[in-house]
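Note that chain A is present in both complexes that follow, paired respectively with chain B and with chain C.
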Partner chain A sequence: MHALIQGVILGVLTAGVYALMASGQTLIFGIMKVINLAQGAMVILAAYLSYQLHASFGLDPFLAIPITPVALFVIGVAVEVLFLRPLRQGDKAELSLLVTFAVALLLEGVISLGWKTTYRSINTSYANSSWTVFGYQITLVRLWAFLLSIGVLVALYLLLNRTRFGRAVRATVQNPESAQLLGVESRLVSALGFGLGSATAAAAGSVYGLLYAFHPGSHYDLISLLLSIVVLGGLGSIGGAVLGALIVSVSSSVVAATISPAWSAMTFFVILLGVLLVRPQGLFGSPVRGAI
Partner chain B sequence: MTRTTRGRRRASLVATAACALVLGVAGCASSSSSKGGGNKSGPLVIGASVSLSGDFADSGKAVQRGYQLWADEVNAKGGILGRKVQVKIVDDTSSPNQVTTNYQNLINRDHVNLVFGPFSSLLTVPASQVAKRYGYAFIEAAGGGPSVFAQNLQNLFFVQRATVLTSGDVFADWILSLPADQRPKTAAYPELDDPFSAPIAEAIRKRFEAAGIKTVYKEVYPAETQDLSPVMSGLAAKHPDVVVSGTQAEDAYAQVKSLIQLKFSPKFMFMSNGASDPLNFPDKVGAANTAGIMSVADWYPTSDATGSQAFVSAYVKKYGGTAQQIDPTSAEAFACGQILEDVAKQTGKVDNATIIKTLHSGTWQTLLGSLSWDQSGAPKGTMSLVQWQSGKLTPVFPAADAKATPLSTKPNWGG
Partner chain C sequence: MSRVGVLRGAAFFALVAALPSFNLAHWVLNMAVFVLMYAVMSSAWNLVGGFAGYPSLGHAAFFGLGAYSVGIWFEHHHLTSGLEPFYLLPLIGIVAAIVGLPIAMIAMRTRTDVFAIVTITLLFVAQTLAFNLHTFTGGAQGLAIPVAPFPVGTFERPFYYVLTILLAVAMGITWASMRSKFGLSLESVHADEDKARGIGVQVTMVKLLAFCVSVGLVAMVGAVWAYYESFVYPQFAIDPLITIAMVLMTFLGGRATLWGPVLGAVVLETAQQVLAYQLGGSQIYLVAYAGVFLLVMLVLPRGILPTVTDRLRQRRRRTSAAAASRSAAHGGITVPKGEAA
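Showing the complex of A and B:
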């Protein structure tokens, strides 16, 4: 029972970080109908940037969060303008898979050149600290990561629901043609949306580097996880991404703690398959019209 | 058969014919190249394919440093039997195909006199097959997996004190040498699904179970497992006296960090790999948290085995850094050369047939300690049990290697 509850605690705390990464992925799909296979590589790039800021200037990865998202926002906008915009509208969904995978490989290559291929991890003074609550351990880093993720997700929610830009994004998601007719500059929304999705990857990347060791190829494992989460939650739904992250993280953590780590990764794929059989559009996905 | 396959087959036939022609010409040009070949006078050229790029690049470069340093040292003493030593290193990009090509080229095209091995068992298996085909001795520092010895090649000699599978025996020996009331009663085995990790912990588990130490936790986690916290929380809930971890590097660091966060410190902790890294381990888990953790090593900077201290000073002089920063792989590569020197000294010859015949008997003193091999090339010795004490990796068992008494209980995290 103790292992089960400890597993749930670990799973919930980790889910925040997964949700943050996946929210950017699902946002990009919602706006542009592009499955961004470079999202994992962007998370890893941000982890390296945070690592470097910590190693060179002693900057805490949490304090690096205002910096790395700006850098990744710029990279995201550049990727959209340079590589995705030239694609023809009809083939965009299929070709974007190839293009974003190429971007992922490009980023992996650049990271390998810049930081070599060895594992890195960000070790802060509080990296191993934890609080004991009713006999259970709450890791400080995970707790801060969880709270930060909630904060960023709330900010994202407010941006999408309380601002003019957010309205334009939601309008583009729901009906791009009508939005354009009403004066929404859809090209600008796409570029900013891709940048925003990349920026959330950056925030998640800083935290990711604190939790796990990483190397340039870490993005392969990450992208399969992120795709599972967004498909489970429903492509294009941020609420779905959060719920998907929670299901994936808690189920794999509980199974690893109580049954076997060998079954851990398998579990959420079984859940994913079960959900898709009943709801092919995912938990919160809309079969007809987009919604964030 | 598809057109592509047929085309490929035709291409390979042409390539084979071309190779045969080239080899034939080369054979005519130099009749001394075929068996254990190379020139019998002039410099003694030793070829080695090493991973200077790809997955094994870091370790491959450590092997290169060891080979090169030995060549420099032996040349400073006048070479071997009056011949200067030249080490010819080629990059195999960590690829089993490339390593095969490289040894073919070293032997048939470059006519090197002798060869040394590459890094990893993955590359040692195909490389040693090539060496065997041409009658070359295969002295290698970094291929100790079961697949290497299963070939039962008579020309191979693995220059470490024990094979991968038997490397953890020394920990079991120490635990079982303790008085019954000091031995652990329960044990946990978190194991990475890797041929160089899980089998070490499994070998210890069998001996512990036979001695009555109860297994309360045993799980194998996949190599791609990113988060080990849930795994270690399952282990901590069982409160084992001893944790025997079958680990590599990153998972070893993650295991320790997770246990610190879970505030569970076992009485004994052994890690097959990772904890024996004098640089990265304290850096990744925090120096104060290393206290009492055990691992195995066949070489350590404070070793006083034959030539070890001379190696340390020569290494630091040539490559910089400190003794603690020397990768043991460099020491193992250096030992390959020491063995060659001794064969030459003992027999007055350095041809491949003599090396193979001579190394199959007797014991050989190196900076790793005394080495001897069975017919398959597996070393017959045991590793040293090392323990982190006062921030240093210290040999503690067996008594012949020990520089300190082992701590019978691991201090709590933070020392």
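Showing the complex of A and C:
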């Protein structure tokens, strides 16, 4: 029972980071109908960037969060303009999968050129401190990571619901043609939206670097995880992504705590298949186009 | 696809079969073995991803299934002639098809992009399984397979011929389905699955059949690969790059064509081997590969074959139109030949 509750606590705390990564992915899908297979690679790139900032300037990874998203925002906009925009509308869904996978490989190659292929981790002074509440351990880093992820998610929510840009994004998600007729610059929204999704990945990456050791190939582990979360919650739904992250994270850490860590990676796939059997569109996804 | 097509196929396979007798260097023949492997796999992928329009990213899981089947078979058997694993191939193909059936039944409830996601997840889960099921797969240490007892001078030949046969089977299936109701049904699934179901196409049956045949072929290639390399490691046997190579080769050559995947495999696998050899290591090589990949997608989004055939058709149309206008100037009877071409 103790292990179970400890697993749940760990799962909930980790879910924040997953939700952050996945919300960027689902945002990109909502706007452009593009599944960004490079999302994981962008997370890892951001982890390396904040590793470098920490190693060179002693900058705390939490303080690096305003910096890495800006860098990744620029990269994201560049990827959209250079590689995704030229694709023809008819087979964009299929081709964009390949293009974003190629971008992931490119990023992986660039990372391993810059930082070699060994494992890296960010060691801060507080990396190992933890609180004990009613006999359950809560590591400080995870708690901060969780709170920070919630903060970024709230900011994202406000951006989408309280600003002109957010309204344009939601309009594009619901109906791109009508949005265009009403004067929304869909090309601009796509570019900025892809940048925003990448920036979210970057914020998550700085936190990810604090929690786990990583190497250039780590993004492969993230791809399946993120995609399962996004499909589970329903493609294009940020609320769904948060719920999906909770389900995936809690179930796999409970399995890791009670059965065996080796099987925790299997858990989300079983859940994913189960959900798809009942609801092929995911928990929150609409069969056609939905709201974010 | 008429007599010319049959002749073209016969000429191609005669050339492929004759290739090893030119006393090529080992590295050339080794490269040819890999080109053939990818040609078979791309042709197989094309059935699902090209004709039916279901872009599976999980085929490498079945490649791994085939590879591990051979590895596990060797745990209990010994080699005498060295050809035994080849006799096993049809069985491995059937097993993979049976394993693929329930997976396809669930995964194919989803369409294009979600299907791609579900299958790529399957790929990573298969890799996790390969790492974790120590008793069967040996975990991260993998399985060692005895080296095939073929003479050193002609070591590659048996693998080469077996893969040639597999390529003939894969292309034969593609060719037959392009001429039959099965192929038409697949195309209708690609064009509009709901409408196809509405007018009475056995949608579920044809797409499941295509998936099972496709993964069966890929598993057989995986088995040959494992025997050729004489080891099976989880990260190489179930590698996302293998999946992506199949997809990319099919896209490069031309989706839903007979020769496209083969052409793509020849071009890309040769380029890949040369790049890996020239640039060494995995680092610059990875960047170069990704660069080639992006370039292909941007310059030839429809693939080489469809682009070239379109160009040729346009030129033919233009020349025949020119001929028609010339004959019109001479007072002859004009026939709008351009439309017939």
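Keep this in mind: the second predicted complex is superposed on the first by the 292 of 292 C-alpha atoms of A that agree within 3 Å, B and C clash if a C-alpha of one lies under 4 Å from a C-alpha of the other, contacts with A are read in each partner's own complex, and residues count from 1 in each chain.
The rule we apply is simple: a contact is a pair of C-beta atoms (placed from the backbone, for glycine too) under 8 Å apart; a residue touches a chain by one contact, two chains touch by 3 or more.
For clarity, every value in this text was computed on a predicted model and none was experimentally measured.
Undergrad: Between chain B (first) and chain C (second), which does A:L277 come into contact with in this model arrangement: first, second, both, or neither?
TA: The second partner, chain C, only.
Undergrad: Does the superposition put A:Q137 against chain B (first), chain C (second), both, or neither?
TA: In the superposed model, A:Q137 contacts chain B only, not chain C.
Undergrad: Please work out whether A:G7 is in contact with chain B alone, chain C alone, both, or neither, and reply first, second, both or neither.
TA: It touches chain B, and chain C stays clear.
Undergrad: Check the residue A:L227 against both partner chains and state whether it touches chain B (first), chain C (second), both, or neither.
TA: A:L227 sits against chain C, while chain B stays out of touch.
Undergrad: As a test of reading the superposition: which chain, chain B or chain C, is in touch with more residues of chain A?
TA: The partner that reaches more residues of chain A in the superposed model: C.
Undergrad: Where does A:Q25 make contact in the superposed view: on chain B (first), on chain C (second), on both, or on neither?
TA: Neither partner.
Undergrad: According to the stated criteria, A:S252 is in contact with first (chain B), second (chain C), both, or neither; which is it?
TA: Once the two structures are laid over each other on A, A:S252 reaches chain B alone.
Undergrad: With both complexes overlaid on chain A, does A:L211 touch chain B (first), chain C (second), both or neither?
TA: In the superposed model, A:L211 contacts chain B only, not chain C.
Undergrad: Answer with first, second, both or neither: which of chain B and chain C does A:T118 touch in the superposed model?
TA: First partner only.
Undergrad: Is A:A93 contacted by the first partner chain B, the second partner chain C, both or neither?
TA: second
Undergrad: By the touch definition above, which chain A residues appear in both interfaces, chain B in one complex and chain C in the other?
TA: Comparing the two interfaces on chain A, one with chain B and one with chain C, the shared residues are 117, 221, 262, 265.
Undergrad: Which residues of chain C touch chain A in the complex?
TA: Of all residues in chain C, those touching chain A are 53, 55, 57, 106-107, 109-110, 112-114, 116-118, 120-125, 128-129, 131-132, 240, 244, 247-248, 251, 282-287, 289-291, 293-294, 297-298, 301.
Undergrad: Please name which positions on chain B make contact with chain A in the complex.
TA: Where chain B meets chain A, its residues are 55, 57-58, 193, 219-222, 224-227, 229-231, 233-234, 237, 249-250, 253-254, 257, 260-263, 283-286, 289, 413.
Undergrad: Which positions of chain A touch chain C when the two form their complex?
TA: Interface residues on chain A, with respect to chain C: 29, 33, 35, 37, 83, 86-88, 91, 93-95, 97-99, 101-103, 105-106, 108-110, 112-113, 117, 220-221, 223-224, 227-228, 230-231, 235, 262-263, 265-266, 269, 272-273, 276-277, 280.
Undergrad: Show which residues of chain A lie in contact with chain B when the two form their complex.
TA: 2-3, 6-7, 10-11, 14, 117-119, 121, 123, 127-130, 132, 137, 139, 211-213, 221, 252-254, 256-258, 260-262, 264-265
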